[in-house]
Structure formats: structure tokens, C-alpha cells
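Naming follows writing order (A, B, C, D and E), and every chain is counted from residue 1.
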Amino acid sequence: MAEEVKTPAPPPPPQPQPAKTGPSGGPEGEKKPTAEKPAAAESAAPAKPAAPAGKSDVPAKAAAPAKPAVPTPVPWTSPLVEKYRNQYGSGLEALTYLGQNYLSVDRSLIPDILRRLREDEQFDYCVDVTAAHYPKREKQFDVIWILYSFARNERMRVKTQIADGASIASAVSIWPTANWLEREVYDMFGIRFDGHPDLKRILLPDGWKGYPLRKDYGILQQDTEWVQINLGIESGQ
Amino acid sequence: MPNFVMSYLGSTVTPGQAGNQFWALMYVLIIFAGVSVAVMAMNWLERKALAHFQIRLGPMRVGPHGLLQPFADALKLMLKEDIIPTEADQFVFWVAPLIGLLASFTVYTVIPFGPSQAVSDMNIGILFMLGVSSLAVLGIVVAGWASNSHYPLIGALRSSAQMVSYEVAMGLAVVSAVLMTSMNASGTGTLSMIGIVQAQQQQGIWFIFKFFPLGFIAFAIFAIAMVAETNRAPFDMAEAESELTAGYHTEYSGLRWSLFMLAEYAAMIAVSSIAVTLWLGGWMRPFPNLLQAPAWEFIFSLFPGLTFAGLAAIAFIGTARMPAQSFFRVQRIGLAVFAALLGFIALLLLVIAVAGRTADTSVAARFREGIDYVYWFVLKVAVFMYLFIWYRATWPRYRFDQLMRIGWKVMLPIALGVLMLTAIVGVIVS
Amino acid sequence: MSISEKGNPNALANAVSNLDLDTPEKPYLDSNELIINMGPQHPATHGVLRVILKLDGEKVLGTECVIGYLHRGVEKIAENRTYTMFNPYVDRMDYCAAVSNGLGYCEAVEKLMNVEAPARAQYIRVILTELNRIASHQLWLGTHALDIGAMTPLFYTFRDREEILKIFERYCGARLTTHAFRIGGCQYETYAGFEKDVTNFLSFFAPKIDEYEALLTTNRIWLERTKNVGVISAADAIALGVTGPVLRASGVKWDLRKAQPYANYSKFDFEIPIGENGDTYDRYLVRMEEMRQSMRIIEQAVGGIPEGPIMGKVPKVIKPPVGEIYHSIEAPKGELGYFIVSDGSTQPYRLRVRPPSFVNLQALDIMVRGLLIADVVAVIGTIDIVLGEVDR
Amino acid sequence: MPQNYVPIFLFLAVVGILIPFTLAIASIIRTQSPNRVKLMPYECGIDPYDSARGRYTIRFYIVAILFVVFDVETVFLFPWAVKFKALGVFGLIEMLVFLGILIVGYVWIWKKGALEWV
Amino acid sequence: MNPALNSAAATMNTGMAPVATPWFFYALAGAALISALFVITRRNAVHSALALIVTLLSVAGLYLMLYAPFVAGVQIIVYAGGIMVLFLFVIMLVNVERSSKERQFNRIWPVGLAAACALMALFVSALVKGRALFPERLVKLSEGTNTQDIAKALYGDAGRMGQYTFAFEIASLLLLVAILGAVIMTKKKI
């Protein structure tokens, strides 16, 4: 456990392509939590472009009826964020996109911050653990935790980036529900979770080769060898 | 030859007592065929009744209103592949359904359809029935073991444990009925099935009403235990299809599987017969002592014919209600023929009732009496059969531990208590 | 019979872990532990769920779920289809609640594009979704009762579910996988007599719920089979991410329709039924009450459908801006979430479905430990899983 | 053999001949095409982990032995029941003593929890 | 009415006419012997148990021949129906597949043989001495009132103690011990 804050040298690694572009003026979306939601992203602080990356697509007719306001991530300010920013410094970045808050966190901070989010901030419900694959990036994978707090009626996401072959701390001891969710991420992306009690494939058969949700895995691709052996189908399809 | 047949129709004792083994064999064959047909009819009735409970039609394709469905099923089962798992114990697997079948059929030796309408009358009749029907457990437990598969094994153990547990309460309830048989002048009771019915006749009361409510409670205990004993809903733990897929006969297929079904339904009829004999006056018509006049006798003797007439009427209505399309023509004709057949039987029965109305010892009168006895007995058993279906349509299934708890902690104490109370009341009364 | 100490994550984590499949030889007179496969070819596992049971006699020592027999790679397919093309696929996940799936997906994409469906479309969506919730609960009730051995409710619920499916069919031509909604609104205008059909259904269905309850709610055997069976405490349920009626039966008053209203649920007046003990019986009661509440919502909605367009201003080619969104709705089985990452192209870069059944199924092990085989099927039934959604 | 018990054997013979006869007929006309998967023990389509002939739970043994005990007790009751009235109060007391002793045992096993299944 | 039939009915009250006695005797005794042989020679315990059931039922048949139907009924209910279920449960508690591979005869078989011979000698002596050993009256229980006569012997008659009343009460203690023993043996934790 990386108890100590390592203050990674470079500012948080660039957000993946999908994070940011374009002008500002993020509307909050229609999802307005009814409970005491901490000050959300209304005060659009000067857009702090998280990273230059981004393909800067021309937003294809982004369809907001009246104003051509293409949403963009804006910094997320709240007491919670302040607290952690003070502690972890640049290892963490808080943003709001379409009214949804997320933290981009350095990989080394993950176990610590997840635990604290559950124990100190009452994010007691882990909605989902999932991942996304960006093959062109150096750190190929985003791992995403979607959290919810019953007390605050508030949802947030925690994201981190890890490289292919690297592993990340398991959240099973924080939220037991992460068990199967992490297994599915492992099954589909091949991301290993350290400390998971029983990390094995969940949807695919145990002997399957390959991780289907990686971008380099074709949609028609199969583990033909497995199919031939276990199902006795000659073509392997 | 006709004389020969007629003489037996007029006999006053069972062929077993008379020592006429040829006629006993005839009875055995008649009962065997009758029970097989009854099981088929029950199968059809269960599917139809269950379907109507559940707002659907049930079998409708094979024959009018699916009347020929049981035959189609029997044929299908004959033609189906008979699979014996490689791991199974071949010999035991083969012999297991036979054990169950032998046990559940042999008890029919002593079932009294009438004072002389039974294969044999034994001094130990009820004891024999309880003993032999308890042998069916062996068939089930051995079937589950022979399959060498987990689900059948669990099903077999469950159902055998269930059957033996309820047999205890059942036996005690039977004893309290036997107690009542000895409440007569001579002070001697009987275990004979025919004797038990005659005791009810002498005492002028069905045992279900005797020492009310003691007789009724004993009857209720028996009626519950017999459902558990035959593995029917809500106690159908053995073949709980949602848990054990099919219980002890999971590995059985084809005709061999149907033997289990045959044994189960035959056992249902057998235990219902015990209940009818012990508590519901067996073959006696309602109010035999109250309404004794010959006129009443005649009116009640019309019932069998009227019942068949009613069935024929229903069948005729069904014929009339069938859609008038050419597609249904064969079915319409079939149902009409069936209705005509029923009507003919009804006519025959009515003729016999009229011919035998004089209460003398003529053969016609004895024959008419015999029909009456069998009719009332079968009618009472049929009520139980309907109850079995009704239970199945209405209730969820008990869990195994709950079932055992009811057997040992509810039924057994109540049965013991009723037995002791009956004895005490009996001593006080006498 | 919760084995955890009030949601202690470590205890729960160990509990959910896999089975130790070795069966050591026990000393004389002790029975061996038995390992039995329940499923995939089993009448009561609601599809192709395989549960490995470790038994001592009839008692369940532990379970392990093996899933994936129905895995079709929905998320992979999504990456290779445009947003519009993928819309029908979501119906195939929870095929008992296809409308809810479609609503969640359409709303998620709309949110990503920052458009909103017009008011009329919102009303139609709510009506159909709530009808679908009733249909899903009916299917659940029938099969669940059948698992517990009551045959008859199955046929009653299917009879009544038919009325809902007829409305669906008249509305969009399909009964099961309806594909009723489009991104930005609804494709179909309501047919003539839609309101009347829905109102008729409401008056037809109200006594039917009582009929189901008459069969089961006070039935002694039903009570014995469901009370204190498969208990899960609120803390355990939250720790295990359980949502939907299962969570509410444990006493947590949380329903996304109230907590974070989507569509136009905030306009309707309804209650969230909750249970007390978190046992199978409470889950049964909660779902029965939910059907009634759904009827309340439909009643309010069908009376107030406004005039207006049914499609929002959505471009022909749907190309949401770069970004990511998580949107979830209260599906009949729990929180159904869509996490969509867009790279600005016409196809989702990554689409993750957060299926309620999948997460809820994880609680099976906790719920059945120490119970008997018969309870396993009761609990599987009461979690209300659809394998199409678990495996995707 | 006393004459009224002979029909038992007739019944056994009829069932024991007719049923195997039917089975034999069926074995002639039915199809038979076994394969490995068909002949496997059924366990929901999965190969079983181990043989089903392992040791199963001891509780069934308790049930069986209790059953035997109560069965013997019931058997004792039958002759008493048929002579019950003639035996009178004396017979009743005899039987109450007999049952009383057994009921003591019954209450004891109830208290000890031997009747609990789980 | 068939006169033969009525005369047959008349015999009912006095006693049953025997039918084909030797045939039944040899068939039943043969079945009992052969199945008993199977009981001890089968390696598979369940097969042995099935053979034992046949033995017990044959013996029940022999009781019937001896005009002791109540004993026959008891034999079926208690032995074939009760004890054999117990046996089968016990067989399922042991690992049949392993035990069937074990040696069947161990070194004390001569002792068993000696015991069997002694029993045989007893039977032969009984056969030779015949009636002298058994008082006549015990054979006289009539079939028709068999159960009632047993009741008399067990429970007495009209207020008097029967021949076996005391033994009968002791039997309940025996049953009590059986219950306690079974429960204590199997539920060690109690």
C-alpha cells in the first residue's frame, strides 16, 4: 500500500482523448441530485485544460438545441476535492463533465484513495468497476470505479491509467461487490488486480486465450483452439 | 357356464375365503386391469383438472378433449429409448421399479370394494396393507442408489425418510380406527378390512364421526400422512422438479420410468382406499341405517346409472359445442361415440337397478348390490383423487426440514394423543 | 442468515470467494461433503446459470456461480455498431424488461449529446417502462412461485402479462424485444386508443394482484418457505452493491426514480415500498407493492400526456462529442447503468453496461449459506436474475 | 398355505409376469441408440465431480432408527386395539404405561434436538 | 348359490383349508435359503440387502403357512419395511465401492462356521424330537382369531395379567434404550 504520497513528478498524465476539447459552458445535465450535494461545478472556474492531448475533433454538430454549447470538462471544486488535493497534490485531478464528477488519480494512490472515499466520505456503494483500452497510449488502460454515496446521494467516478501488464490494487476488501466486477475486467481486458481473492475468468471459459474487449481483439475473433478442443467444432467458429 | 358365472356373482364371501383360486385369479386380473385403466384415467383427469385450475385447456389434440392422450403417452413411452447410465448398477436399476410396483399392487389383494367384492379377506388385512405399502420405500431408495447420480440419491433418501416418518403417524391413526372397531357388544375388534367396514355398519356410524372430533382428527392425520406417503404435492419433496430435477427417477426413462408413475398412482388409489375403508364407511352408501326403507334403497341404487347418464350428457354437450369445422369431424364423431358408450352403460346400470330392486336373494339383486358397493367405494376414492389434484394446484411445496418437522413434531404427538384419548373415551363409554 | 458481521467487507469478501472443491475424507460416521452442480441444465436456475453447491447432507456449505453460458459480447458489439444500430441490442440483455433497457440506453446517449426528449415522449416512455416493470415482476412472480412449488400463479401471471404485451405489440409491433424508444424520443406516435388500452389494463389488473396475493401472501406454506430465508442485511446488501427490490427489501429506501429522478419521474407521486427483514418474503411483498405503485404512476402519466412532438432535434447521424458519461435508471431488477465513452465518432468508443442481475447474483452465496437445497432455488428466484443480462 | 392368503401370490405372479412381459415387448419395438453423453449420470449437463456412492448424511440414520422404534410400538398397539374393550381399564393402564415410557424417550429426543433436521 | 362355495364359507369360522401346502413350503423355504446364500456371498452390500429382503419376505410367507398371520404381518412391517430401510441407509453411510473391494472373509470364519454348525445341530435335534419339545397348545392358535389370541397372551384377559404382560412392558424400556442409544451414538455433540 502506498500510504505515503509520492507526488509523482509530472502533472497527472494527460487525459485520454475523450476527456476534453472545445469551448466551455458546461451545463450540468438534467441529473440534479436532490440531497445536499456539495457545491458542484457551477462556478466554472477558468477552464484548466487538463492536458493538451485530445484529438480536438470538430464536435460533430453537437446538437444542443439552442446554444451551440458543446460540453467540456470543468474543474470540480468541493470541500471533498480540496481536502484530497491538499493531501495528494498533483496526483489527483478533479473534473466535472456534464454534471458528473470524476477524479483522475495516479495509479499509486488508488488503494488509499478508494479506501478513504468509502470510509471517510461514505461512498459506500461501488456501482461498477470497468476499464477502457487505448492502444495508442503509453499507459494503455483506464480503470474506472463508479461510486455512489447513499448519505450524500452523489455519484462520482475514479479513474486511473495503467500500462499493459501492470496490475492494480484490488478493491474487494473495500467493496466486496468489486469481486465479480474486477473479475470481469480481468476477463475482458487482462488487467490484473492484486489482492483479489479469486482472480479468474468469469464470463469466458477458464482456458480461453485473449481478452476480447481490447481494441486489438477483432469482433469475429475467437479462441479457435479452445472451440475445437472443447466443443468439437472443426472450423473453430 | 353361465350358471358358473352367475353363482359367483351371487357369492357372499370373497373368492379368497371361499378358497376358489380360479375366481381369485379372475378378480386379480380384473383389479390389475382396472387399476391400470384407473391410473390412465387419473393421469388424464389430473392433466385436465390441473389445466382448468390454471386457466388453460390441457390435452386437446389426441382424441376429443384429449381423451386418448393417456394411450398416446403409453405408446410413446413404449417407443422411447430406455437409458441405463453406464455407472449405474444394472441389476438393481432394473429391479427397483419392479419392487415399487409389486408393493403398490399387492395391497389390492385386501381392498374391499364390497363385502364380497375383494380378492381376499384377511384377518390381518390392515396390517398387511400397511406393511406391504411400506415396502414401496425400498424400491425408491434402491432406485436412487442404483442410478449412481447425485440428484436421484438425494431424492431417494429424502423420499424414503419422508415416507417412513409419516408412516409412524399413519400407523397410530390407523390404530385409533381399529380401536373403534372393538366398541361393540363382543368387545372384539378386527384388523380385517371387510370387518372394519362391517363394524361401522353395525355401530351405525362412519368412524370419521365417531367420538367426534377424535375420529375426525385421526382421519385428518391419516389424510395428511397419506399425501406425504405417496410423495404428492405439497409434500412432493422426492421429485421436487425445481430442486432435484426429478428426484429418485431422474435417470429413468421410457417405460421403466412409467412403471414408477404407475406405482405412484396405484399407491395413491390404495391409500385412499384405506382411508375410505377405515373412516368413510367403505362400500356403504350414505345413511344406510337412517334411510333403510326399500324405496330409499332403490333411489340410491339409481345413482350409478345416473352418474353415467350425467357423464354421457356432458360428453354430448361437448360434442355439440365443438366447432363445426371439417377439421374436427373425426373428433366430434369420437366424442359422440364415447357419449353413446357412456349412455349405454348408464342404461345398463339403470336396467340392473330396476331389475334388482326387489331386496331378495336373486342373482340380479346381488348383482345390483355389488354394483352399488363398488360404485360408492369408487366414488369415495375418486373424491380423494380429486383432492390430490386440488392440493397440487393450490399449494407451494414444503421444504424438507419443515416436512420432517411436521411429521415428527406435529403429526406424531397429535396421533399419539388422539389414540390415547380415543382409548380413554372408549373405556369410559363402555 | 447473514454470515457477515454487519457488512464487514473482509468477511464478505471471503464469503464471495470461490469454493474449496476438495472433499477431505472424514472420520467414521461423518458424512462426506457433497459437491453438486445445479445447472446449467436445471429447471430452476432461470436459464443457464450454473451453481456449484457444496453440501453437507441437505445443508449448503457454500456456492459458486459459474456464469457466461449466454455471453454474447454485447459490449464488444457496441464498439462496432453506431449508436443507432446498437439500440436494438440492449433489448436482448434483460429480455424481460426490454423497454427499461432501451430507456436507459437512449437517455444515456441523449445525455452524452446533451439533448432532451420532448415532454410527450417522456410520458410515453414512462408509461411503457412502468408497464414493462409490471410485466417483469409478473414473470418473476410466476417463475419464483413455480420454484417454490406453486404451479398455478405462473399461469395467472402469464395470462395477465399478455395484456401488457398486447399493448406493446400494438404500440411498436414487438412483444418482447420491443425497441420502443429512439435516441431523442420515441419513434412511434401512440396508436389510437392507446390511453384507453392502458386505462383498461389498469382496471383489469388491479384485482389480479389481489388474486395473486390471495394465493400466496397468507399461504402458510408460502410463509414457511419464504420467511427468514435468504436474509441479507442492509449493510451487506450495500456492501455487495445489491440494488433494486432486493436492496429495498432489506430496508434501504433507495430508488433511482426518487433519488436521482430521470425521465420525468419527478412529476409523479408514488411511494417506495421497503421491507424490514430482507428475507425472501419481504422481497416478494416489495415487488407486489411495486406493481401497485407502477400502476399509480401509469395512472397519473396516462391522464397527462401532453401534445407535442415525440422526437427531439437529433441529427440523422448521431455523433456525440468526445466525452464520457454514466447514466443509470431503475430497471425492474435494480440499477441498470450505461457507461459510454465517446471519441466523437459515430460508434461508442467503449460502452459498458452495469447490469443489475450480475451484481445482485453475487449476493447469492451470502444469502444461501447454511440453508437447504430447496432454499437455493427460492433465493435464485427471489434475486430475479435474467441470464441474458448477467452474461450479456 | 391357508386358502385366503394364496391370492397374494396370485397377485405377485400376475404383476411379476405381466410387467416384465411388457418391458420385453417394449424392448423389441423401441429404438436404442446410446452414446457416451446419453449414458452419463445426469448432473445438469456437467460431469459430476465424484461418484454419488459417497457417504451421505447421518441424519437419515436417526430417522430410520426412530421409525423402527415407533413401528415396533405401533405393532404392539394392534393386538391391543382389537381386544381393547374386553381388556377394559386394566388393558388401558397397561398400554398407557407402555406409551408413557416411550413418550419419555420421545420428549427426551425432542429436547435433545434429534428431531431437528438442520 | 354354489353349494361348494357355501361350504367353503362355513369352514372360514373354524379355520382355513390348506392349499397346496408342500408346494408353498418348498418354494418359500427354497427362496429363503437361496436368497440367504446370496446375502452372504454378494460383494455389493446393496445386493445383499435386496437378497435379505427376499429372505425376510419368504419367512413371512412361512409364518402364514403356520397359521400365524399376525407374526407374518409384523415380519413384513418391522423387518422388511423398517429394518431394511435402516440397513439401506446404513449402507449408504459406508462407502460401498471401497468396501466391496475389501476381503470378504476374515480369519474368524472358522468360528462362524462352528456357530452355524451348532445352530444346525439345534435345528436337527428339534426336528428329531419334534413335538416333545413344544407343548401342544401353542400350535392351536386359530388363524381366524390369531390377533385376538395374541392380544390375550400379551395383555391378559378381563383384568388378569396375560402370560407376557410383564415382558411387554419391559419391551417398552428396550425401545426406550434403542431410541436413546441411537440418538447418543449419532449425535455426539449432545
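Quick notes on this one:
Here is the rule we go by: a residue touches a chain if its C-beta (ideal position, glycine included) is under 8 Å from a C-beta of that chain, and two chains touch if they have at least 3 such contacts.
What you are looking at is a predicted structure, and each value in this text was computed from that prediction instead of being measured.
Shared contact partners of subunit A and subunit D, listed by label: C.
Both subunit A and subunit B are touched by C.
Ranking every chain by how far its Cα centroid lies from the centroid of subunit E, the top place goes to A. Comparing mean CA positions across the assembly, the chain most remote from subunit B is A.
Judged by contacting C-beta pairs, the busier of the interfaces C-D and B-D is B-D. Between the Cα centres of subunit A and subunit C there is a gap of 25 Å.
If you average the CA atoms of subunit B and of subunit E, the two centres end up 30 Å from each other. Distance between subunit D and subunit E, defined via averaged C-alpha coordinates, is recorded as 17 Å.
Remark: subunit C and subunit E have CA centroids separated by 62 Å (rounded to whole angstrom).
The residues of subunit B that reach two or more other chains are 17-19, 21, 122, 127, 145, 150-151, 153-154, 157, 160, 164, 167, 188, 190-191, 245, 400-401, listed in rising order. Multi-chain contact residues of subunit E (touching two or more other chains) are listed as 8, 16-17, 19, 69-70, 74, 77, 81-82, 85, 89, 92-93, 143, 147-148, 186. Residues of subunit D in contact with two or more other chains: 3-6, 43-44, 48, 51, 53-56, 58-60, 63-64, 66-67, 71, 74, 78, 82-83, 86, 88-89, 95, 99, 106, 117-118.
Residue ranges of subunit A in contact with subunit C, taken from their complex: 17-22, 27, 29-31, 33-35, 54-55, 57, 59-65, 69-71, 73, 97-98, 100, 124-128, 130, 132-133, 144, 146, 150, 153, 155, 157, 172-177, 179-181, 184, 188, 197-198, 200-205, 212-213, 215, 217, 219. Taken in their complex, subunit E has these residues touching subunit D: 8, 15-21, 24, 61, 64-65, 67, 69-70, 74, 77-78, 81-83, 85-86, 89-90, 92-97, 143, 147-148, 150-152, 154-160, 165, 168-169, 171-173, 175-176, 178-180, 182-183, 186-187, 190. Chain contact summary for the complex, subunit C toward subunit A: residues 9-10, 12-18, 67-68, 71, 73, 75-77, 79-80, 111-116, 238-242, 252, 254, 259-262, 312-315, 317, 319-328, 335, 337, 339, 341-344, 349-350, 352, 354, 358-359, 361-362, 391-392.
Only residues 1-6, 9, 51, 53-56, 58-69, 71-76, 78-80, 82-83, 86-91, 94-95, 97-99, 101-102, 104-106, 108-109, 112-114 of subunit D touch subunit E when the two sit together in their complex. Of all residues in subunit B, those touching subunit C in their complex are 50, 53-56, 150-151, 154, 158, 233-234, 236-237, 240-245, 392-402.
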